Amino acid sequence: MTTAAIVLLGLFALLMLLGTPLGVALGLAGAAVILMQDLGEMAIPTSLYTGIAKYPLLAIPLFILAGTIFERAGVAARLVRFVSILIGSWRGSLGVVAVLVAMVMGGISGSGPADAAAVATVMLPAMTRAGYPPAFSASIIAAAGATAILIPPSVAFIIYSVLVPQATVPALFAAGLFPGILAGLALILPIVFIARRYGFGGRREDEEKIGVLRAAREAIWGLLAPVIILGGMRAGLFTPTEAAVAAVTYGLLVGLFIHRSLTLRDLGNVFMEAAEMSAVVLLIIGLASIFAWAGSTLGAFDVLAQSIVSLEAPPWMVLILINLLLMGAGMFLDAVSIYLILLPLLMPLVTAYQWDPVWFGVVMTMNLAVGQFTPPLAVNLMVTCAVAGVPIEKTVRWVIWLVLAMLSALVLVAIFPSIALWLPRSLGY
Amino acid sequence: SAANYKSEYKLSTVLGDAFPWGQGGQRWADLIAEKTEGRINVKMYPGTSLVGGDQTKEFTALRQGMIDMAVGSTINWSPQVRELNLFALPFLMPDYKAIDALTQGEVGKDLFDILAQRDVVPLAWGENGFRQLSNSKREVRTPEDLKGLKVRVVGSPLFIDTMTALGANPVQMSWADAQPAMATGAVDGQENPLSIFIAAKLNTVSQNYLTLWDYVADPLIFVVNKRVWDSWSEEDRQAVREAAEQAAAEQIQLARQGIAGEDTAALQQISSQGVTVTQLSIEEKEAFQKATQEVFAKWSKTIGEDLVKKAQDSIANR
Amino acid sequence: MSEHDPVGRGGWEPERALAALILAAVCAISLVNVVVRYFTNYSFAATEEVSVALLVILALLGSVVPFVRRRHIAITVLRDRLPPLGRHLADAVAVLATLAMFSLVLWLGVRMAWDDYRFEVTSASLGLPQWIYTIALPVLAGLILLRVLVSVLWRRKP
């Protein structure tokens, strides 16, 4: 049994390090152990199928699609103009605008890379014109985009809830709101400090002057979207899964009939992009369930968790260890994969220490949000660097400060659980 | 010989040991270890986690050897074994004695014969219980009261037909979506055994009216995969069978505790939380039965009319 | 990662177009279900079954082009730092692993669908033959195998 557990983890690690697609590395390691130990080979196709064929997972392609549509519909561009007028222009102001717009867009989109892509496409050119180094802009937007998996709706919370049924999607969504806002605001401090120190941005003469009211009127459709999505869920108009389709419909209506900025050809591209991004995520989820099946049938995860519990370390030390583990994993893996690989190991610990599964989900997701912009593997940075045309290595000197800023927000939520739990409790979830 | 024995056998259930269902599974596992003196070691996997939580895949997985043993529900296995739809025929079984007349009588034997042809060895009957109706809108005493209510049902086409015949709007929804949907009023009601109503605290999601109408029951079946069974010695097979019979008998008692016969403690607990509990009389149940006659007739053909006739006779002579 | 396209962007390959259509169908079904439920007090009780089956097709179909263009999420830090020979070996392992994975899914998926067919398993909500859903797994695994093989055999330097 121990040999099998070593084969499972070793084969996965080997394939992963050689650059095999992550899902294939997980699935093949699981399949190898299932065949080797004669655990029942039909678990391979069955786990793949049932791992994907889950109703709550329907929200993933829909929230990804919603984010893509809002970008193409010109909603993001109008939000930027409005927020810029509100904030004014001074050293660092555009960085602050990028963070705030990413947070509003995060209230529509459920995925970090989708949010980062939307904001980067709209803001990077303007930031470069204002004198921000592209690597710095790419870092800011990647970090701000990570708030999308904390601020509801969130694909990450949906997957967490599927794996941890006692934490419901509405409770997680509510619990993520304040930590998400806190994480976003924490980024503003180092951004302004760095911009002042190096003299990025400042008063801009080139931009077109429109009144604040007109800008507000144009941005209103974007500002209303999170209100409609979250309010609709709260009011019982739709279930979390249906909220995603409401977001898509709203975005299509705004793009086609109000801003009239979407063409049929755009629509084709938007659907193809969202379909591919979702497929990549869903396939990892499906193949990872083969890995999870093999691991849980071998009892591999229980044994590891037991050995941690048997150390009899105080809970806060275990929590720090878990956070270090998550941070390490977050440097190399994306949020979805980390849930799938580590939750089977971590949940027995959460039960043993009687932690609130909703709070733990928020802490874990904050960690993974940080991971989305921590090199080397940082999905958000990959997206923003592609738009900015800079290599990821160049962002390290900037991004490190943003990582530290969001980590301090994480520490606050870990020490004061009510930052996360107050809202879901007062809403009665 | 013991050389062919696995170091661990996987037992699948839907509910964990907070419920009579899971307690029955765990008791079976413990009794097997005791009676075989540790030769057969069983680990329970609740939440049908071995099939990714998809309950309707459990039977296939059991037959194919992904799962070695199960305490499974007739509803979940009916996509693979259509005769098991028998227990979901609306208002077939008026009381607990009727359930026993089927499972412990000739009908139970016939169904075990059918299961035995599908590479599994059925050993004993357990119980998940009668499925009762709850909703947030009003007391339901007649089919008329049910009109227009949005009721969340399990996906089976038979359940959808029954609810439609009664004038309700059946809504199919995963349990994950169903709870927030009840809390916010996206659906009005649901139907489940009382143990689930209590454990999921459905009164906290506005389910304030509970009707005890006994419209369908969900017996459980203790089974072992055929190849696994054949790999055991005669002595151990006997031990596993005895363990199943003992665990099943205890499990049925647990499932009825507090809700049937003299002991109604659980019902009193529910009503003390402000839930209106409505117990239907025989006459009131007949009105519902009448409204669902066509569904009964249609599905009797699918199940096999001889089997349905035999079941009705067994119930009449209970 | 930098040498490959970012996930999502790309041309109008047939698999991408089909996956987009599937996604559109998933949207349409969910939307119709919400609208009908709130405005007519009626519900399509079984849309969940179809949507979820489409999700499986979306996952596999939408993954085809990323496999060919190497856009799936992978850790390439180490691979990128290997000498040319090591890099070729690592890539060969990745391709072989992908072929092995989907050969297994093809072979065992055929058995899964055949089993559903032979035992006349019906779907849980609509009561349709279950194999019409499960057959998607081996068919699309076969498509992935085919496309990956073709791209390896006819590889041209980009």
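Letters A, B and C name the chains as they come in the text, with residue numbers starting at 1 for each one.
Definition applied: a contact is a pair of C-beta atoms (placed from the backbone, for glycine too) under 8 Å apart; a residue touches a chain by one contact, two chains touch by 3 or more.
A quick note: this is a predicted structure, and the numbers were derived from the prediction, not measured.
Going by the touch rule set out above, what shape does the chain contact graph take here: line, ring, star, complete or other?
Chain contacts: complete, every pair touches.
Count the touching C-beta pairs: is A-C or B-C ahead?
Per the contact counts, A-C leads.
Where the CA atoms of subunit A average out and where those of subunit B average out, how many Å apart are those spots?
39
Averaged over CA atoms, how far is the centre of subunit A from the centre of subunit C? Could you give it in whole Å?
22
Express in whole angstrom the distance between the two chain centres, defined as the mean CA positions of subunit B and subunit C.
35
Where in subunit A do residues touch two or more other chains at once?
42, 46, 49, 53-55, 237-238, 241
Going by the contact rule already set, what residues in subunit C reach two or more other chains?
Touching at least two other chains: 48.
If I count partner chains per residue in subunit B, which residues reach a count of at least 2?
Subunit B, residues with two or more chain partners: 60, 64, 173-174, 186.
Could you pull out which subunit C residues touch subunit A in their complex?
Of all residues in subunit C, those touching subunit A are 1-2, 6-10, 12, 16-17, 19-24, 26-27, 30-31, 33-34, 38, 48, 51-53, 55-56, 58-63, 65-67, 71-80, 90-91, 93-94, 97-98, 100-101, 104-105, 108-109, 111-112, 134, 137-138.
Quick one: in the complex, what on subunit B touches subunit A?
7-8, 10, 43, 45, 47, 49-54, 57, 60-61, 64-67, 173-174, 176-177, 179-181, 183-186
Write out the stretch or stretches of subunit A touching subunit C in their complex.
Residues in contact with subunit C: 15-25, 27-28, 31, 41-42, 44-46, 48-49, 52-55, 57-58, 61-62, 65, 68, 113, 117, 237-238, 241-242, 244-246, 248-249, 268, 271-280, 282-287, 332-334, 337, 376-377, 379, 382-383, 385-386, 391-392.
Flag every residue of subunit C that touches subunit B in the complex, lowest number first.
Interface residues on subunit C, with respect to subunit B: 37, 41-43, 45-49, 115-116, 119, 121-127, 130.
Give every residue of subunit B touching subunit C within the complex, in rising order.
Spelled out, the residues of subunit B in touch with subunit C are 56, 60, 63-64, 79-80, 82, 118, 148, 150, 153-157, 160, 169-174, 186.
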